[in-house]
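Going in written order, the chains are labelled A, B, C and D, and every chain counts its residues from 1.
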C-alpha cells in the first residue's frame, strides 16, 4: 500500500467511518462505508483524490447475511491504484443513492443492477427499461436464491438421459447386500 | 496534450428530452440486431430527423448467456472452459484474467515460461482481433476488399493458435496455474512466417484503406471524443489514446512480462474515427513487434504449470480481487470474490464495450448522418458479448 | 484531397493474381493440427470406468453407461463414457482428468450423419472413422488436474528400526494427511474391491474437512478394526485406485490410520454413540481374532449377548501373535479391541473349545455359533531331518516375540518361505540380533508377501536367496547348530500355462550351517475341536470351510468366517466375514425383521 | 511279462489297484473333506486305466519320445503313513511317490530289454507315469507350497 493511499485511507477512516480496510493486492484496497456516506465519499474521491475513473459498479449477494454488497471500483490514473468501495444495503429494502450524475455510464450499471438484483436507484435514468432480459417476470436472476437449473427444467423440460455412478453401480452389481448401507 | 482529464462541470449526462413522435417529423429506425455493419448482435434504436440522428438508444440482450451466474455453480476448473466464451473475438483475455484472478486469490504463481507464453498468446490474440476489426471498419465505410484480406489473414493467426493451443477460437489454454502444454516444435519458424506476411499485408492495407480518399472523407471528423469526455464516460484503450490520453495498462500497471518488452504507448491527437483507426493500425504493428520479442526472449525451457491442488475439491479461501489487462479495446477486467468453498462467490466481467457501446455511443450518435452510424459503431470497437456476459 | 489518395485504392489489382487464402475441399485435405481438440478416442480396454470424465464435464455431456464386454470387478466398474456431441464443447478436461490415460482427442473435426442419435456414442466401443488417428490432443505428461505423487510417509531408518520393536511407520500429521486426502478423486472404485466395502472416499473426505469424528463413524460402519487395518491391511483398495494408474495410488491405509490417530480412545463412545437395545438372544463366537471380534461387534450392536471363546491368554488372534509390534503395536490393536469390549462383549480367554468346553455344549447353550478359528498349524516341509530341534516354526517365533519370550534363534538364521510370515519372522530375527538369510524356491516377483514387507526386509539387511529349494536338514557338528541342504532351481514354463515352476537342479546343491532354521511355508487349520460327525456336516475343502450365503453352514446354528473359511486369508476379509455373518445370524434369528425389507428389494 | 499285452495288462492292473487303494483309504479318512479328495484321486487313477485300455485296443498311442517335465518334488520328501487321519499334503505325497515308483519301474525295465517294440512300450508307459507324477506334483506345488 503506497504512502499516498494509506494517508488517504486514514483520512477517510476519520471523516467517513470506513471499515474493513483490506489490501487485496498492491494496487487495490477495499473498504466498507455506510450507505448514507457513500455518495459523498465517492464524489470526494473523484473530485479531490483523482479517482476519476469508474471501473464498474457491481453487487455481491450475501444472502446469508441478508445484504447486497455494492462495489464501486474507482481508479486513480496518477498513482495507478484502485479503491473498491463496498456499501452493504438491506437485501429486503434494496435501494441505493444513484450516482448517475457523477459518471455518464453509471446509469447503465444501475439499470443492470435493478434488473439482475432488483436494486432500486431512485432518479436513475431509464432504470426500469429492460436491459438484457426481455419480458422477464421471475425473481431477479442474479440473486443467489434464483435456481437456474430448476428454472430451466420447469420452462424447457429435461432431457432424459441416464448415467450410472461407478460406486453405486458396482455395489448393485457385485455386492448388493454388503457394505455399510444396511444398518 | 493534457494527461489528466478530470471532471468538468460543463458535461451534462442527463438524458435527452423525449422526442415528439406524433409530430410526424421524425422516423424511428432500428439498426440491428443482425445488421452486418455491427460487430455482433446488438441493436441501435435511432430517431431520425431526415437523415440526421437526433436520438440513439442501445439495446442489448441478444447474447445474454448468464455466464456470471453459471460460474457460481461450476467449480474453478470447470469455469476455465466457460470464460473464453464471454468474448468471441478475444477469448484469450478472459482465460488469462480468470486464471490470474484465481492464482492471486489462492496464492499460486504461474512459472516464468508460462508467463511468457501467456503474453505471446495475448499479443497474438490482439493481432487476430485487430485484423478482424480492420476488416470491419473498412467494410462499414463501403470498402469491401480489405475485409477479404484481413479476415482471411486472421485465419493464419488462428492456424497458429490451433497449433499452439489445440483450438482456433476457444483456446482453453491458459489454465489456472500456467498453460496447458508446451509450444509445438518449430513454432517460432511459423510465427515468423505469419508475422512477415502480416507486416506486408498491413502496408497494403494502409495503402488501400488509410490512404483511400473515400475512407478519409467519411471517417475524418466523425465521432469526436474530446479528452474531457474520457474519464466522465469511462473511456479506455485506443478510444482514449486517440484523444491524446496516454494510458495503457501494459505500461502503467505492467502484468505478465510486459515490463521486459520494449514498446511505447501510442497516442493520437485527432480524436475522430480516422485517428482511432490509424492508431489501431499502429498498434497492430506494435503487436507484431511484441510477438517477435516474446519469441526471441522467452526462456527456452522451464516448467509450464505451478503445482496445483486436486481440482475436484479445490477450495479457495475468502477473498476478493480485481484483475485487469489491456485488451484491444482497453481495460478488460475480472472482479472475483471467493468465500472459502469450491465455488466462486461472484465474478463480474468488466468489458470496455459496456460504456463504449452504450453511454458513449448514444452520445456520439446524435448529430451523425444515418449513413455513418455503422462506421461510427465500429470505430468505437465494441463487442456486444462482453456487455452482456 | 490529394491525387495519391485517389489513386492508392487501385493498388488492389496487384493482388488479383496471388494465390488465394482458401483451400479447395474436398480436393485438398486440411488435417487438424497435431494437438487439435477434435473428436474423442477412448481405448476402452485401458479405461477402467472410474467416471472422472463424467465428474469433470461441466456441460454434462458424458454419461457412464454399462458396456457388456466389461463386466469385470477388479478395478473396472464395467461402465464406459458415452459422449453427447449435442452438449460437448471439446474443452478436453475429460482428457486431462482421465486416470487411466485411455482418453484423448483426435485431430479429426469433420463428421456428418443424418441420424441425430449417432452423435451420442460410446467412444472406443462404437466404431468411428477417426479412432485410429494418432494425432490430436493428449494431456501433457507434466500437467495434472490432481497431484499424482503420494505424500511420502516418514519411517524409521532401517538402522533405527532393527534396534527394537518400535513402529516403523510414523503416520501422517494433519497437514500431510490433508494433502494426501486431497488427491482422492472420489470415484469409489476402492469400495467395491475392499472386502469389507469400507466407505473409503467418504472417510477421506472427512480428513479434508477435518471432521475426524465423522471419519471414525464412517469407518465403524464396516470395520471395527480401523487402528489395525490402518497399519497392516493388505489394501486391495490401493491396488485398484485409478489414481495409481498414472501415478501413486492414494495412501488409503495410512489415511485410515491417521483418522484413528487423531481420535482419543476415550471419545469413541461419544462419537460412535452405539446405543444397544438388548434383544435377549445369545451368540457364541469361537476365536477372538479379527473375524470373531468383528462378528461380536456387529452382533452386539444389534442387541445380542455375545461371548467370545479364545484359547490364548489375550484377544487378537494372529493380529496379536502373528503380526510383530513394529508393524502393529499392541496399543493400536488394543484401541480397537477395547472399544468392542466396552460395548459389553464378553471375551473368555484361555478357553479352548474341545478341551475346556465341548463344541456341542455351545450349540446347546447359544442361539447361534460363529466359528473363526483361523489357521494356526504351521505347514510341514516333509523333508528329512525336519524334526531337528533347531528347526523352529515361524508362527512360534512370532508368538514368542509377541509375548516377550525368547524364541532362542541364535545369531545366524535361515528362514524358509516367501509369505508375510516369513518376512515377519526374518525382520523379528533381525531385531533379535541375528543375521538372516531367506531361502525361497521361486523369484521375488512370485513371493506372496506384501511388496513393502519384502523391501523393508531387504533394507533391514535380510539376505534373500531365491530359487533355493531345501531338500534335507542334517545335524551339525555343534549340536546348537543345524545344516540345511538345498539346491538351486531353474524356473521352467509349465506347458499347461500358469506361473513358471521351479525345478531342482541336482548338480547344484549347497550345504549351509545355521544356528536355527525357521520354517514359514504356510499354515493350515486345526479343526480337531469338531467331532467327526460335525465335520462331516460342515462343507470342508482342503481343510477350510466353504460357507454358503451369509457365512451360513449346513448346520443350522453354525456360521463360519475368517482365514479358516476364505481363500484370501487376510484381516480385512475376516472382518467382512464377521460382519456378514452378523447380518446372517440376525436374519436367521430374527427373520421377522427382514421380511418387509426383502419384499421391498424384490 | 514278455509280451506287450502282458505288460499292458500288468500296468492296467496297477492302475486299478491304485484306484482301489485310494477308495479304501477314503472309506477310513477322518479328516473333513479328505474323503472327497481321495475319491477324486481314485477317479484320476481310473482315468489312467482307461487310457491304457485304449492303448491296448490301439485307439491311443504311447509317446515314448515326449519330454515330460520333472519337478523333482517327491524325490526329496519323506515317506508318510497311510493313516486314517491322513492330511491332504500327505495324500499328495503318497500319490506322487506311487507314481514315481511306477515310473522308475517301467524305466528300469525299458533299460534292461533290448531294442524292440517292447522297449518302446515300456518307455511309453514310463512317460505316462511321469505325466501322472507331474499332475500330482503340480497340484502339490500349487496347493501346498503356497508360501514357499
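The criterion applied here is as follows: a contact is a pair of C-beta atoms (placed from the backbone, for glycine too) under 8 Å apart; a residue touches a chain by one contact, two chains touch by 3 or more.
Here the structure is a predicted model, which is why all the values come from computation and not from measurement.
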Relative to subunit B, chain with the most remote C-alpha centre: D
Pair with more cross-chain C-beta pairs in contact, given A-B and A-C: A-B
Centre distance in Å when subunit B and subunit D are each reduced to the mean of their C-alpha atoms: 89
Intercentroid distance (Cα basis), subunit B paired with subunit A, Å: 23
Centre-of-Cα separation between subunit C and subunit A, whole angstrom: 49
Residue numbers of subunit A (touch at least two other chains): none
Contacts with two or more other chains, residues of subunit B listed in rising order: none
Complex contacts: residues of subunit D adjacent to subunit C: 30-33, 36-37, 69-73, 75-78, 80, 87-90, 93, 138, 141-148
Footprint of subunit C on subunit A - complex, ascending: 161-171, 173-175, 177-180, 182-183
Of all residues in subunit C, those that touch subunit B in their complex: 1, 4-6, 8-9, 11-12, 15, 21-22, 32-37, 52, 55-56, 58, 89-93, 96-97, 105, 137, 140, 142-147, 182-186, 205, 208
Residues of subunit B touching subunit C in the complex: 74, 77-82, 143, 145, 149, 152-153, 155-156, 159, 162-163, 165-167, 170, 172, 175, 178, 180-182, 184, 204, 207-208, 211-214, 216-217, 303-305, 307-313
Residues of subunit C defined as touching subunit D within the complex: 379-384, 386, 416-419, 421-422, 440-441, 448, 469, 471-472, 492, 494-496, 498, 501-504, 506, 520-522, 524, 527, 530, 532, 535-536, 538, 540-543
